[in-house]
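Several structures are given next for inspection.
Same chain, two partners: chain A is paired with chain B first, then with chain C.
Then we have the complex of A and B:
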């Protein structure tokens, strides 16, 4: 009799324990399975890049494969001094200048497009699809097309004309799409309130719209810069006689067989990370001054 | 310093967005200087559009807006000397309380020192001094409302326009901020125009209540007039507190009418017909819910031309100072009696009881 009662009692005790501790400390096996998949994914993503960064710090005897032969900054020096490795310094210079130019134009145009697209206007959907079209068009084909057009018009292709245009066809739609997301949180009552308080149009833009949108504008700028800085397909046929950095790296992979190629990879990665770091830092700073965390809005 | 005359006159005001339907349809209204005026109506009745037209954020399609004797149509808000408080307050999220309030002075080119002096005075007035360096995100709803009010008032407008200023607050705060608004209005001595869809808010605050429906003014006047003497069924039902009976007149007496409804014929209602009512007319009658007396069906008919409509109790709600008794007096329509709490509990009714809903002849009114 007691045995039967005890047996009956078991599930009750169990369920009561469950109720007391609804979240057990033990994780389900699926957690470990998914964690393994994620770890492999991260390793596959970053492993090759990390190999390159490590190998770029070899000394003079260094080769293109493991094992590592000594460690020094030899190949970084070699990169910027040796002529046989190509025009790294010049192309780096051009790429930065081009990226800054692209960033500024992307920022200004995206900002204005973001303001304009809040309302319907004649042909707005046409403009929007045109923009998406240039985003999905194959970059290489688009680049060849722009190269051909310049040739036909008799204008010499160069990084600051045809390549600039080609890159904008890529960065502008991105910038505008980011701006749409940013503008969706912009309350037009702010603009009306500014007008109500006597601000001119320009004062409203300068004192209200730009400061409120600042974090979003930084994000757009970051997109513009990084997309331009490592743009390859569209620049290939449009950069003219002087290479941008990604083009230079590509041509180096064809004829340079020293770790200076890896050193170049390390340097360009650092530049990208600096750009991202500065942008995120700016956004965090703006949000902190505004008393809101990045999550709360 | 008085900022000049703030009386408003709307003359034949119309607004249409598509050129076909009028959102605001021929509004004529006079609001005296220094009055607290509430526009009351359901959403989409055009009340906010009227406010935005007075503010200068929208232009009327037809009509004039005269403030202080001057037609202001086409002028910018600053030139009208109006200020608007937005529904969500529209405080600038990147500026502190002090800089939000100082914004209007900043765009007028005042130096930092000059504008902060004025702002500090204003902050003292609305008790915001200790919050001066906070950002709007770190303020409660009530504090945000005070900042919005201070920001609008710093320009010394002659008219302050408030778009549903209390809708973003919770119930308790709403009642407190209501008093705050009235206090500010008295202190500033300027015209307030307040848009709301809450009748309690309107009658508690306003010198003039303007009830709107579909772009037209249904009734305007002092709060008590509109509440106690609604001009028609719509106003009576929107403001609440009234039972409305409708029917066809069968017989007209000196202190009563006999009306019939599809469901029930020969209803004898006590009323002094205050306008010509003819046999065969379709009329609406209004009786205040607190003027209805409930009697047990067994206690006999009341005399003296009073109405006695047999009704069953559908539901009872305790409201504190009174008890709300819902009855089936008119089929498919609300009929409610407010019984004083003490009276009710001397002889409480239950759901399902059959009663007589009675009122004396002078208590019912014929509506337009």
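Then we have the complex of A and C:
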């Protein structure tokens, strides 16, 4: 620990020996101040969202603000039956398909990249900075670049080609960064042991590496799914003629001023929450099975 | 190249197969488009010209757009940093029960996995002229007339940004703070340091990487955004990217590309200034 202190170069307060009074276990005033900040933060985080969920259950007289005018499922029905709000059903369908596709690709590609990045290799910083660049590049700029590229190549932009690639350029850096965090806790001795016991390279990955990393892989999948499902800026110029759900919501914010907008918000948030719930449930389940199984660590 | 490097490259090939055609080449395409002429119908004429850059750099509008964008960036960065730091500090150093701390942390992160657009729209019932905030203020008699600056204004833009992006500060700062050995803090207190000293000499320096990482996220997202500005300002303000979106709307690709290149250069300068302060990669992979 002294090493830590030295590294920090902390002028270790030699001049102030006087204050060595015993510390009490009573909570300092900062605890209460910060607890208030935290509570307000969480309230501000969820409060507005909860408002629109409530407002989406108004009846036909409903408006965009409180007070509630009756309650019904009118705006949810309206959402999926009215033509004037656009093709909600179709875009919902496309978004889910695209998100599943992105999740699978993100999972596989991030896992492989995570394996590569455990050791330094020739050109690793190039790949790393390319990834960071892809993460921080303004989405619209990248979207236009991809759009122009497809135009020059004479390929039609569509949600399953150009938008898929555009979304991967956003989900993969996240996936790989999560893999970095996951891999940092992976002891390669386990892998070496498996190799020593005669497992092939593929067996080692399938029977040792993947099971150990499973909770982390679930987290990568969660990132892949939700980031794709909610992606907007990069899809805007690359989705072609058929909208994904966030693009549909965007066009609704410009011309729909009824609670059906809120109803759509409620529906898409439910999808996100299901994804989060399934992922957290899976992680808990995996950890519990480990806790009781013989292979616990 | 060693054999190990070959194997590693085999593993990163799929990643490169996405990053090269969908990041590297598109950025180069934008770079090329920025020095071409337009035929006025969305097509590009392959003649080299710097007129687009001259146009962008000499217009007073560019200056105003950057001033507006930098104002939003600075305000958002400040508020997200203060709130994010306090929230992370509370979770790491004040919540003694580990399980509780992780649960509270998860509560903070859940909205990250939901739609940004929906979270932004959700301010309408609160900030509108007849919204909850105005009703509450009118009800308590603090104001007589409903405040109109709350929604569709710069205030609303900053609120929406802070609402969306504080999480990008909380997570990395939480991570770097969680790595601080609590015994270091104990030792400092035992040797007579005040709690202010501990904050100033231990916690802030050791959270630097988290702060840097969070700042990169927040700055790059705000500078690259046009959606929040467009919706929450009610068309009143514009940002660099929203102006650029208008250019694309009228098929002025070269002008848009030139302004995109300028924005990217500024973004790279800002990020490398932040990166000079800390070695992010070491921090992430550790």
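Convention: the second predicted complex is superposed on the first by the 262 of 297 C-alpha atoms of A that agree within 3 Å, B and C clash if a C-alpha of one lies under 4 Å from a C-alpha of the other, contacts with A are read in each partner's own complex, and residues count from 1 in each chain.
One rule holds for everything that comes next: a contact is a pair of C-beta atoms (placed from the backbone, for glycine too) under 8 Å apart; a residue touches a chain by one contact, two chains touch by 3 or more.
Fair warning: this is a prediction, and the values are worked out from it, not measured in the lab.
Participant: Put chain B and chain C onto chain A via the superposition and say whether they clash or fit.
Facilitator: fit
Participant: A:250 in the overlay: touching chain B, chain C, both, or neither? Say first, second, both or neither.
Facilitator: second
Participant: Of the partners chain B and chain C, which touch A:117 in the superposed model: first, second, both, neither?
Facilitator: The answer is second: A:117 touches chain C but not chain B.
Participant: So, does A:185 touch the first partner chain B, the second partner chain C, both, or neither?
Facilitator: neither
Participant: Figure out whether A:89 sits in contact with chain B (first) or chain C (second), or with both, or with neither.
Facilitator: neither
Participant: Have a look at where A:128 lands relative to chain B and chain C in the superposition and call it first, second, both or neither.
Facilitator: second
Participant: Comparing chain B against chain C, which has contacts with more of the residues in chain A?
Facilitator: If we count touched residues of chain A for both partners, the winner is C.
Participant: Determine, under the contact definition given at the top, whether A:200 touches first (chain B), second (chain C), both, or neither.
Facilitator: So A:200 only meets chain B here.
Participant: After the superposition on A, what does A:290 contact: first (chain B), second (chain C), both or neither?
Facilitator: Only chain B; A:290 stays clear of chain C.
Participant: Minimum CA distance, chain B versus chain C, superposed model, integer angstrom?
Facilitator: 11
Participant: Could you give the residue numbers on chain A that contact chain B in one complex and chain C in the other?
Facilitator: No residue sits in both footprints.
Participant: Taking the complex as given, what residues does chain B use to touch chain A?
Facilitator: It is residues 55-57, 76-78, 82-84, 86-88, 90, 92-94, 103-104, 106-108, 134-135, 137-138, 151-152, 155 of chain B that touch chain A.
Participant: Which positions of chain A touch chain B when the two form their complex?
Facilitator: The contact residues of chain A facing chain B are 187, 189-190, 192-200, 203, 207-208, 211-212, 214, 289-292, 296.
Participant: Once bound in the complex, which stretches of chain C touch chain A?
Facilitator: 1-2, 4-5, 7-12, 14-16, 18-19, 21-30, 33, 83, 86-87, 89-91, 94, 104, 106-108, 110-111, 113-119, 121-126, 128, 130-132, 135, 163, 166, 181, 183-184, 187-195, 197, 201-202, 205-206, 216-217, 220, 223-227, 231, 241, 244-245, 248, 253, 256-257, 260, 263-264, 267, 271, 280-281, 284-286
Participant: Using the touch rule from the top, collect the residues of chain A that touch chain C in their complex.
Facilitator: Within the complex, chain A contacts chain C at residues 1, 4-5, 8, 10-14, 16-20, 23, 27-28, 30-31, 34-35, 37-38, 41-42, 44-49, 51-52, 55, 64-66, 105, 108-110, 112-113, 115-117, 119, 121-125, 127-128, 130-134, 136-142, 144-146, 148-149, 152, 165-166, 168-169, 172, 176-177, 180-181, 184, 222, 226, 229-230, 232-233, 237, 246, 249-250, 253, 261-262, 264-265, 268-269, 272-273, 275-276, 280.
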